Amino acid sequence: TELEVTHWWTSGGEAAAVAELAKAFDATGNKWVDGAIAGGGGTARPIMISRITGGDPMGATQFNHGQQALELVEAGLMLDLTDVAEAEGWKEKIFPPSLLEACTVDGRIYCAPVNIHSPEWLWLSNQAFADAGVPVPTNWDEFVAAAPALEKAGKIPLALGNQPWQSNLAFGAMTVAVAGMDVWKKVNIEKDMDAAAGPEMAKVFAAAADARKLAAKSTVQDWNQATNLVITGQAGGQLMGDWAQGEFAVAGKVAGQDYTCLPGLGVNEYLSTGGDAFYFPKLNDPEKEKAQKELAALMVSKEVQVAFNLKKGSLPIRGDVDLSAANDCMKKGLKILADGNLVPTGDMVWSPDVVKQNEDLMVEFWKSDMSPEEAHKKWVENLKSGA
Amino acid sequence: MTGPRGAKPKRILSRRNIILYGILALVSLYYLLPLWVMVVTSLKGMPEIRLGNIFAPPVEITFEPWVKAWATACTGLNCDGLSRGFWNSVQILVPSVVLSILIASINGYALVNWKFKGSEVFFTILIFGAFIPYQVMLYPLVILLREMGLYGSLSGLVIVHTIFGMPILTLLFRNYFVSLPEELFKAARIDGAGFWQIYFRIMLPMSLPIFVVAIILQVTGIWNDFLFGVVYTRPEHYPMTVQLNNIVNSVQGVKEYNVNMAATLLTGAVPLIVYFLSGRLFVRGIAAGAVKG
Amino acid sequence: MSRVKRPNRLFRNLNGKIAALPMIFTALVVFVGGTLWTVLYSFTNSKLLPRTNFVGFDQYERLWRTSRWLVSIENIMIYGVLSLVFTIVIGFLLAVLLDQKIRYEDAFRTILLYPFALSFIVTGLVWQWILNPDFGIQSIVRSLGWTSFEFNPLYDPDIVIYGILIAGLWQGTGFVMCIMLAGLRGIDEDIWKASRVDGIPKWRTYIFIIIPMMRPVFITALVLIAAGIVKLYDLVVAQTSGGPGNASEVPAKYVYDYMFQAQNLAQGFAASTMMLLTVLIVLIPWAYLEFGGRRKHG
Amino acid sequence: MQHSVSIKDLSLSFGAVSVLKNLNLDIVDGEFLVLLGSSGCGKSTLLNCIAGLLEPTDGQIFIKDRNVTWEEPKDRGIGMVFQSYALYPQMTVEKNLSFGLQVARMPRAEIDKRVARAAEILQIGPLLKRKPAELSGGQRQRVAIGRALVRDVDVFLFDEPLSNLDAKLRSELRVEIKRLHHNLKNTMIYVTHDQIEALTLADRIAIMKSGVIQQLADPNTIYNRPNNLFVAGFIGSPSMNFLRGELVEQDGKILFVTHGVPFSLDGYEAGEPLVAGRKVVLGVRPEHIKVDDMSAGREAHDAVVDIEEPMGADNLLWLKHAGHTLSVRIGGTRRYNPGSQVKLGFDMSVASLFDQSTEERI
Amino acid sequence: MQHSVSIKDLSLSFGAVSVLKNLNLDIVDGEFLVLLGSSGCGKSTLLNCIAGLLEPTDGQIFIKDRNVTWEEPKDRGIGMVFQSYALYPQMTVEKNLSFGLQVARMPRAEIDKRVARAAEILQIGPLLKRKPAELSGGQRQRVAIGRALVRDVDVFLFDEPLSNLDAKLRSELRVEIKRLHHNLKNTMIYVTHDQIEALTLADRIAIMKSGVIQQLADPNTIYNRPNNLFVAGFIGSPSMNFLRGELVEQDGKILFVTHGVPFSLDGYEAGEPLVAGRKVVLGVRPEHIKVDDMSAGREAHDAVVDIEEPMGADNLLWLKHAGHTLSVRIGGTRRYNPGSQVKLGFDMSVASLFDQSTEERI
């Protein structure tokens, strides 16, 4: 049975990872019809939503799990995967459990998580620091301290793509690192607005205000162009999710040798774990529904998880997979994962509306001379609109 | 009697000519620069591009990027470049252009020659419609097409193009038909020709210039459309611009500028060719349709 | 002789009415219907799917508190005014140049017009590239020896909108030039002769006589340009994605982003309603002047 | 007598503007009727109503005693010829002629026969394969007439068919149309604002003003016994001379006096008794004033030549007389210098008297 | 005599098309010269050359004995009035009149004086604040003349200034222009293809054909003694009747014979001796043929009336005579039915004879 699968994984590492999914699916005798839409979720999601609400849904579609597809589920447009989940024992296998929780609405399961992404990573170019004659930093504070040397060597200290979500990601990464886990949880999970407006967060904004000076010379647009600056040693580091590793891999770079990764920015060994999930719109065609369920089961299965996540550079959603092939960075991530130092990501706990507002705020903040205090105030307002 | 006779002698390099052609040359440079950059870059290899000058002609001409853009560039899992979308685009283009122009010209004709009560009101609304951003209509149209059961089909997309082309095209055709002598229409009615006969046998054959303008506007608009193509159809119908977007936006490591430029040129080829073939008629048509407000 | 009753009005000119159905449908259902629908839902708190959960003017209050929206408005004003002025001025000047009985007019015209055939995506891409400080014009000029040369519009929040304007003008002036040229060609040759006999210099003839005579042409051009300005979206997305920061955001993009990315339909609808309102505020007085005034002299 | 076209109480308004006002007109079978009037008086509107191209607001139209008020143009048995020819530019002459017949699904053979006949009558045989753009103005107009001809209609409608042609062609085609009418004997309704056309072609002329028919009569009556001031002033070039004055009784005879100068009205045929004291206008055509030719015992009036306009065959004098400027037409060979003194004689048998207030003929 | 405008060997070609061919023309100071010719013969081109709006290919132009061949239009001392008026539509009448003066930086007071004077001469005072769109055709044309007037020029150039007006207005403005010339006494060059205008206005008429002047003479000469067949046929409406025939000697007298019918040439003033055997064309104007009026012992020719065209003041008869169709103009009150037999008398003293091959007058 043919299933059309839409997603926005089109960069090198991503495409290779999707190919693994497709290969596995085709092997079951079904056919994966690829509906890639480049340009990231921002471009692709409107199209997907239009298709689904327009009554011409695809067979499966990528969303960041969490609240993005919530209303579609509530409107009864999505296939209930509970039976698959029970048959496959997702509850036991999927780790951390928050991933499956994000797929659950009213006790029913509507999506198949495929990977874990953690945005709080600092990627460093060993070569850049060598050129600048300083040692490779081991945490965010050292990185900030080394920045002047990098600048002197004609490098961009911090590479940052000019897209709202990247600015927001960088800020989020710094929140965990600077303010610490407790504050993070208070604000994001308990939605404690006093904490959000508190001094701890103010420190984060101050730090971000310093960081934006380091990124002032960065003029690229896409995240992978920014990563490329790090890969080629033109920039010292980049705050980017674990998927950046795929780019290093495609470029043939070796972790620990050509580049260094610092999960949780080397300060707090904590990661927030969001990720991608696949949703299966209702097609009202038993044949297709069968194929959809097959695909769902397949995506969570062990072999596919390994193959997929190795290519993608993300972490698998199961605690029981063997990732001996994983490289230095991924192992670091796995370790944190195993230690359970985890929190959910922002887009799992906040509505897309809040996320978007924060993205808009952050992109403005990073690229202008808005005072940290003002940004902080607006940020709290944004959170309140969704609290 | 003596004195000057004949024409005043003119130097070819008069000050007027120098200024005139100088400005024109400068302006042309500005307009041609991007094309030059596109063409030159598309013929360079990546190493040469990385070295720097985007304006320099290629040291070593390679058609590799063109081949890649056309046939092998990847989007997700599909590695057949733009070729995949080309026929889709043609399939979208032809019926959309034909239908939208047909309807708009009939509208214009009805508005001018078969006025009925309220026709001007509808026309005014239509013109206001030209100012509505597409984004605003995106959602209502999804719902509308869904209700009509056309969502996701090629016909749905054709309808969308027809709707959004309607305001400006109707304006063009109305203005053109107004400028045709009304007596012609009267003569045809006396000859016993009906609504459609007059339209097809009298009006259509007389409207070549304005049709050229309409065709150019529509070919350009529809061929270059990305949003509607991707929102209102499914992947098997995706137009070439979707592939272009995918090629240009999905970066694998470094951006392959040469492939991007080749893809851009390939995508722009159809409207460009239409332009080059019909330049003169275009100005004439504009004069006939657009100018008489 | 008998009197014959007047037939039913509805069925007279039936073909004309039938033929106009697509237009009536589009006007009423799509444009009016779609607009009303949009306005209606802008008063709800619809998120991903439209819901009739009315919240009054909340969306509008939030809209006008959002700095991105304010920046968008400011940008579209700057872009709109400059684009209108420059497109018309440049288009007209080019048309005047081409109207000087020059040689190779066809070639020049084609050169000026071809960008119109390219999509905004393509236009944005190429200009993003040419204006890129690392390998575009700035780096070329610097490599020629002028090392302090600064031309970096797309990465400077203060002037980024002008960078977009450069590309927009490149794309759109040719078409306006064509309209103007057609208008100039429509001017009675005798006017030119009269002004020469009167000894009026050419430039004064253009300013005081020809331009006022081309009023309808300018209005056509104005309408076309203005319709384009309201819809400005692709070019920004392709060139800057609204950056750096939110310095080049425009209303259409705000609408789109909030409808689909933020999944806050109502916010997007509120923004579109504001856009429509602006269009109406601009258009209605104009339409009144234009059509209401014209009726007077037949 | 059979009425070919009959118009009853026809009214037509464009919105608030009333163009035709309760108009009645009966046209006899085979008659050549000319509608004459200045621009904008509603001539074309009336013609379009007859043709069915405009819907009247009120009233009825009969053609061959059939009420056609609501019929389609093609069913009315009319053919129409337009000022701008209105030939279909993309069709050959032959196609132009046969289009209407084809639309009516007439058999090929019949079409060919009719086209051939029309081509022969109008002598456009050699042009049949050409397109309108390749024809001269006169040829185009002939084709336009042919288009009405092939349809074998009862009534021909002409809307200023000659005004786009130059003077020479105009006079040629005028003769041709006259001949055509002689041969075909169809009813023809002909709109023009050229009075020469009206006078030469018409069996009867209807003079219109603001949607109302002012006078409907044969050309001779119109020219020599105009109903009212408007008709009198409208017809004739240069215009009739108008002298405003009063009727005065002197020695038992009624005289016309203007600026103190008395004119004998001997020979004038009044429609009603002339009463002294009535304010009137005396109208005399330029050719009915004799200069320095006092035969037949006319009164002699003194006048001074102001301007002379030689026009070849004729010579037009503008004279100052009793406070008026008079135009007088004399033979082309008789010349006067400005300033010359002349004696004028008025031919009252062809003059007209109008009441100053009603402007009607007395 | 002083020459106001003098044209020497003027030639002009548009690319390969030669429009004016070695044209010479001297215009006397204060003269009213009319350029008359059919459409496309080069009248406007010549006028534009004089105005400096077109550059001649060869030749010289003198105005007031100054060689202006290379001068700008504004420096030539000319004013020009166009057929389409060419008023600046968005300016008031006053502005239209004063704009050229303002550009020339004339003092305000002087401008006002001139505008006032022009407005008075042309009686457009009340219109000064209006825009051209609010004027009637005749008023517009007056403003256009005013624009030339204020510039106080030596030479007025008119390019068919009246052809956009209707007949009535045309004849009114004609008189006004004539009066203007009387008062101003400027040199005026006036292009038209309307012969009535030419005949009534001109001191001299230059008749052009394909860029060559065919005859340059006063209206009377042009009308009665045309130089060649072209001029003869061009002037006069309806056209001169042409009879093609031969000169034959009979009884020691030279007669003109066509289709076997002999015509006595008594009274004809030949420019050269008449030789028997020469193929010639006899031209007689319609008003020079008398119908049933055999006074003064004229030959009587039999003819049959074909068509009658009553034109009010006159009556036009189309007659069949000796294989020709003749047009004859008679008084408006004399009527003939088609088919009537009439007797014609030809007035040879005002007839013309042309050589058939050279087409020149004999």
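When the chains are written out, they are named A, B, C, D and E in that same order, and each has its own residue count from 1.
Definition applied: contacts are C-beta pairs under 8 Å (C-beta built on N, C-alpha and C of every residue); 3 or more make two chains touch, one makes a residue touch a chain.
Here the structure is a predicted model, which means the values were calculated and not measured.
Asks: Need the graph distance between subunit A and subunit E over the touch network, please.
Replies: 2
Asks: Using C-alpha centroids, which chain lies at the maximum separation from subunit E?
Replies: The most distant chain relative to subunit E turns out to be A.
Asks: When I count C-beta pairs in contact, which pair ends up with more: B-D or B-E?
Replies: By number of C-beta pairs in contact, B-D is the larger.
Asks: Let me have the rounded angstrom distance from the C-alpha centre of subunit C over to the C-alpha centre of subunit E, please.
Replies: Inter-chain centre distance comes to 55 Å.
Asks: For subunit A versus subunit B, what separation do you get between their C-alpha means, in angstrom?
Replies: Result: the chain centres lie 39 Å from each other.
Asks: Nearest whole angstrom, what separates the Cα centre of subunit A from the Cα centre of subunit C?
Replies: 38
Asks: Determine the centre-to-centre distance between subunit A and subunit D, using the mean Cα coordinates as centres, and give it in whole Å.
Replies: 90
Asks: Could you list which residues of subunit C touch at least two other chains?
Replies: If we look for residues of subunit C contacting two or more partner chains, we find 256, 259.
Asks: Check each residue of subunit A and list the ones that touch at least two other chains.
Replies: 46, 53
Asks: Where does subunit B touch two or more other chains at once, residue-wise?
Replies: Only 138-139, 194, 245, 248 qualify.
Asks: Which residues of subunit E touch subunit B in the complex?
Replies: 6, 8-9, 55-60, 62, 65, 67, 69-70
Asks: Across the complex, what residues on subunit E touch subunit D?
Replies: For this pair, the touching residues of subunit E are 38-39, 166-168, 171, 174-175, 178-179, 182, 193-196, 199-200, 219-220, 223, 235-239, 285-287, 307, 309-313, 316, 318, 329, 332-333, 350.
Asks: Can you check the complex and tell me which residues of subunit A touch subunit C?
Replies: 41-42, 45-46, 49, 53, 68, 70-72, 75, 162-164, 219, 221, 351-353, 355-357, 360-361, 363-368, 378, 385
Asks: Over in the complex, which subunit E residues touch subunit C? Could you list them?
Replies: 48, 51-53, 72-75, 78-80, 82-91, 99-100, 103-104, 133, 147-148, 151
Asks: In their complex, what parts of subunit C are in touch with subunit A?
Replies: 47-49, 62, 66-68, 71, 132-134, 155, 157, 240-247, 256-264, 267
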